[in-house]
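In what comes next, chain A is part of two complexes: it sits with chain B in the first one and with chain C in the second one.
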Partner chain A sequence: MSWTELQPILCQVGILALLALSLNVICGMTGLLQLGHAGFFAIGAYTAGLYAIYATVPGLGWFNVLPAALLAMLMAALFSLAIGIPCLRLAGDYLAIATLGFGEIVRLVLTNVDFPGGRMFPGERIGGPTGIAFTEFPGSLWPAHPHYSAEYAGLGVIWVAVILVYVVLLNIKRSSVGRAFMCIREDEIAARAMGIDVPRYKIGAFLLSAAFAGLAGALFFHQQLLVSPSNFSLLKSIEVLLVVVLGGMGSLAGSVCAAVLLALLPYALRHVDLSGVGWLPHALQKPLSEYSMLLYAVLLIVLIRLMPQGILAMKEAPPWLEAWFMRIRGRAQP
Partner chain B sequence: MTTGIRKEFDFFFAEGLSKRFGGVAAVSDFSLELKARTLVGLIGPNGAGKTTVFNLITGMERLDSGTVYFRQRYITDEPAHRISMLGIARTFQNTRLLGHLSVLDNVKVACHAHIRYNVFEAALRLPRFHRVERDIEAKSREFLDLVGLAGEQQTLAASLPYGLRRKLEIARALATGADLLLLDEPGAGLNPTETAELTRLIRLLRDDFGVSVLLIEHDMPMVMSLCEHIVVLNFGRTIAQGSPDAVKSNPAVIEAYLGKPRSKPGEPPC
Partner chain C sequence: MDQDLSEAMSDLPFYLVSGLCVGAIYALVAVGYTLVYGIIKLINFAHGEFYMVGAYAGFGVYCLLPASLSPWAAIPLMLLASGAAGAAIAGVTERVAYKPIRRSGRLAALLTAIGVSFLLQNTFTFVANAQPLQYPTGVAGSVGEVCQRTVRIGSDGITVVKFAYLGVALLFCVVLWFIVMRTAFGRAMRAVSQDADAAVLMGVNVDKVIRNTFLIGGFMAGTAGNLIALQSVTEPMMGFMPGLKSFVAAVLGGIGSVPGAIVGGLALGMIEGLAVWAGVPTGYKDVAAFVILILVLVIRPQGLLGRLRNEKV
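== the complex of A and B ==
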């Protein structure tokens, strides 16, 4: 597999990692089942897309990613308040259904509305089922940098974002805010008795989660230069939830690892060639590209069976790594 | 409306607390006055409404009627987390620890009300975050030392043995900075040695930390030796209160616990 082939895949992995990190705040740390994450992802992506059409500042060039991402985060956060305040009084499964409904509403609305083309697409209507596409003339997105394309800046920006979001969320997890989230997950009644304003913290977790999903959306748009409502189906929400569960609910590092694993596995399996393996039954002695999705499903079942708590099970590092780190630190400060 | 609270009862004052669940009057017209630094017992047969009284005082359940004052503040109908922040903490009959968190984190959670940094300072690890976290950690370790859990700081709360869980709950309630602790059967399921330790601990809390304790307990020797004042509930009503000796010999209390003597001799009471 060549680097040019691998790069867009690694970009997708990064976006999936961002989505999983953000979903982990609400599902893993706070323990609320959220099935509408693709909705916030979509709001972020469309906000970035509309920013590119109407508000791109040519002089900023490549740096237009920053205002677009900030706007996307803000927009997703606003929507999360609108949906969160009425819904977070719902318990467990009911909340999951309400958020599922939200995700579908976002997708359906985006399928059915269109926007004026602005100065990028004069006289046209954009949006609707085809979404926003800059693929025909990518150079026009940032005129100052006509060579911009996914291979040019996508990978670096996305993985810097993954690292930043990871650090920020880890810091929050290890502060009183994160402890309050986890306390709500463990026992809501105990949380109230400890002086934690439960509804306020639930809404806070929802907001934080949505804002980073919006960021993932903005980066997704800038990597693909193409978004359409079909990118944001319920299946996307489920895929992200799968990553969070597989990585370990509440483990941020686990989310990143599982995103890498889950997104790369289908590609890796496509390259498995068992033609020469004599002891296998004859039917399996061939390149496995045809079976890759089947194998993927089987692997998922095996992984969850072997590690029901997820890869890292709420921890940020496997125990042997933690022990090693403690030893290093112990040596540094005798 | 209660006016003119007497000066000596300006610590805690509840009057006419009532709560019905459907047709059952769980608590009716419960009143209680507490001075600072006192140990008071709340006893009664199972289902008498003791835990409901705790739930009403701490805002876990809404009152049907009644008023609660704490430190001369009207706290009736305040949400539970506000009441906790104002200084009334409780433990639970079936311990409610955060099983997946470490013992130390369980206590740190309770310091929530004393956090003086915001989410941005936490996310970016600004100096104030480190300062406050250091203070909280030191304080939490002190509380763990006090209840004898110093060696278990990194253990997961779920893997603690039963007796230690009870102690951790007390440490956690203390860490909220409370002046009034409501302990719901802290001695349930403890062996005699552990009960003796617990008795010592509760007395220490009052003597050294100046907190008041309202104690629900079925272990009568413990209640009688600890408490200065005892309130007896039955069917949601206060049937007696006073010093341990007065309560012990009160016929209404004996009747509530053992039943009315039957006319036929030799038959076991109810």
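== the complex of A and C ==
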């Protein structure tokens, strides 16, 4: 596999890792099941798309990604407040369903609205089921800015974002705020008894999670230059949830590792082909890559049953690696 | 203006009746959600897929039956088969996926339910190639043609088969009422739903109660799936939206309450009908259900007919 082939895949891995990191704040650390993560991802992506259409500053070059990403985070955070303040009163399953409803509302609304084309697509309406596609109208790209390209959020930008978000969240996890989140997950009533303002911390976790999902959305738009509502279905929320469960609820490093594993799985399997295998029933004779959805579903069920802790449980590193670190440290400071 | 109004009013019965008919389907599916939730506190995400499996089973039986058979004999056979298939897949799901993790907490159960739902959807997409199946309407007097016949209500035609939704829903409601309120099994079911631990001490076989609850819910969902497929299409993703909306209906009526699920289903169907009548663009019709969901959860989480239970420490 050549580098040019690998690059877009690694970009997608990075975006999946960002989504998983952000979902981990609310699902893993705080223990609230969120099934509408794709909604915040969509809000981020569309905000970045609309910024690119209406407000790109030509002189800024790829730095345009920064204001777009900030706006995307802001919008996602605003929406998370609007949905979080009423919904976070709900317990367990009900919250999951309410957020699922939110995710579906976002997707359905995005399928049905359209926006004026602005300077980039004069006279056109954009949005609706086709979404925002810079690639479909090559002639109508904003003339003053002919090189609006996918290189704006390339591999480097995305993985720098992953590392930044990881470091920020790791510091939060190890601070008193993170401990409050985890205390809420373990026992809400005990948390309240310890003086933790539960609603405030829940909304804080929700907001943090949504803002980083918005960031992932902005980078996703800049990497693809093509977003449509079908990118943000419930399937996406479930995929991210699967990554978080596989990595271990509450383990940030686990989320990143699981995102890499899960996103590379289809590519690792792409040369395996069952279409010539005679003893299989006709319906099953397909290249293995078509099995990937099926594999995801089976993986989710089997994981919950056999490995409910995920690959890293709540830790940031496997025990042997931690022990090794401790030994090195011990040797460095006698 | 007056004419517009009278025109709109003459449209109203059509939208109300067709909303009521669709609502009956929501009610049939919602009862399954509410029964399962009442007993093991699990939102069975895979319930919409039982509906889809039922529709496929009905189509399979249709293909096996001789073409000369009168639709009046064929349709009940298909409905029975779809119900049986729905019950079978519900039973298998409960045994294979839910039973082993019953003690692992509600999050694990919910995630497993989502996994099962995706597994069933993708298995059928995989095997059936996602090709929508439709009952052929070419021959007069065939199942497909009979199910496309319409009757005029108000200003528009409504397919006759939609009235069967109401009939079947009514029949199932009566049977269900009898089972829950008048049989020993029903008493066991109510006992488990009130307090599972106490029910075990009273000698109730909880495993059996849970299994039979899944069978009943699966039967109703399977039948509902085939009823819809009769005048629409059968495809792997068909259970997703109706499943979600029926869940909304169950929440609207008060989850855990059987009369609530029926009222909620009918109400949701009528609300959707009214929304279309009132000029809400059809693309936003599905949004209405989710807006209702969030409003109900926020304003009255116990639903229309449910009772609020305090969380105990």
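Going forward, the second predicted complex is superposed on the first by the 281 of 334 C-alpha atoms of A that agree within 3 Å, B and C clash if a C-alpha of one lies under 4 Å from a C-alpha of the other, contacts with A are read in each partner's own complex, and residues count from 1 in each chain.
The rule we apply is simple: a residue touches a chain if its C-beta (ideal position, glycine included) is under 8 Å from a C-beta of that chain, and two chains touch if they have at least 3 such contacts.
Keep in mind that this is a model prediction, so the values were computed, not measured.
Quick one: chain B or chain C, who's touching more of chain A?
C
Please work out whether A:D197 is in contact with chain B alone, chain C alone, both, or neither, and reply first, second, both or neither.
first
Given the touch rule stated above, what does A:A180 touch, chain B (first), chain C (second), both, or neither?
It touches chain B, and chain C stays clear.
Looking at the overlay, does A:I189 come into contact with chain B only (first), chain C only (second), both, or neither?
It touches chain B and chain C both.
With both complexes superposed on chain A, which partner does A:L300 reach: first (chain B), second (chain C), both or neither?
A:L300: touches chain C, not chain B.
Classify the contacts of A:L10 with the two partner chains as first (chain B alone), second (chain C alone), both, or neither.
neither
Please work out whether A:Y94 is in contact with chain B alone, chain C alone, both, or neither, and reply first, second, both or neither.
Touch partner of A:Y94: chain C, not chain B.
Looking at the overlay, does A:L261 come into contact with chain B only (first), chain C only (second), both, or neither?
Touch status of A:L261: no partner.
For A:N171, decide between first (touching chain B), second (touching chain C), both and neither.
A:N171 sits against chain B, while chain C stays out of touch.
Just which bits of chain A does chain B share with chain C as contact spots?
189
With touch defined as at the start, can you tell me which chain B residues reach chain A in the complex?
That would be residues 58-60, 79-82, 84-85, 89-90, 92, 96-101, 105, 108-113, 115, 117, 119, 122-125, 129, 133, 136, 172-173, 176 of chain B.
For chain C, which residues are in contact with chain A within the complex?
It is residues 41, 43, 97, 100-101, 104, 106-108, 110-112, 114-116, 118-119, 122-123, 125-127, 129, 244, 247-248, 251, 281, 283-284, 286-287, 290-291, 293-294, 297-298, 301, 311, 313 of chain C that touch chain A.
Under the touch definition given earlier, write down the residues of chain A that touch chain C in their complex.
So the residues of chain A touching chain C come out as 31, 33, 83, 86-87, 89-94, 96-98, 100-102, 104-105, 108-109, 111-112, 189, 235, 238, 241, 245, 283-284, 286, 290-291, 293-294, 296-298, 300-301, 304-305, 308.
In their shared complex, at which residues does chain A touch chain B?
Chain A residues touching chain B: 168, 171-172, 175-180, 182-183, 186-187, 189-198, 204, 250, 314.
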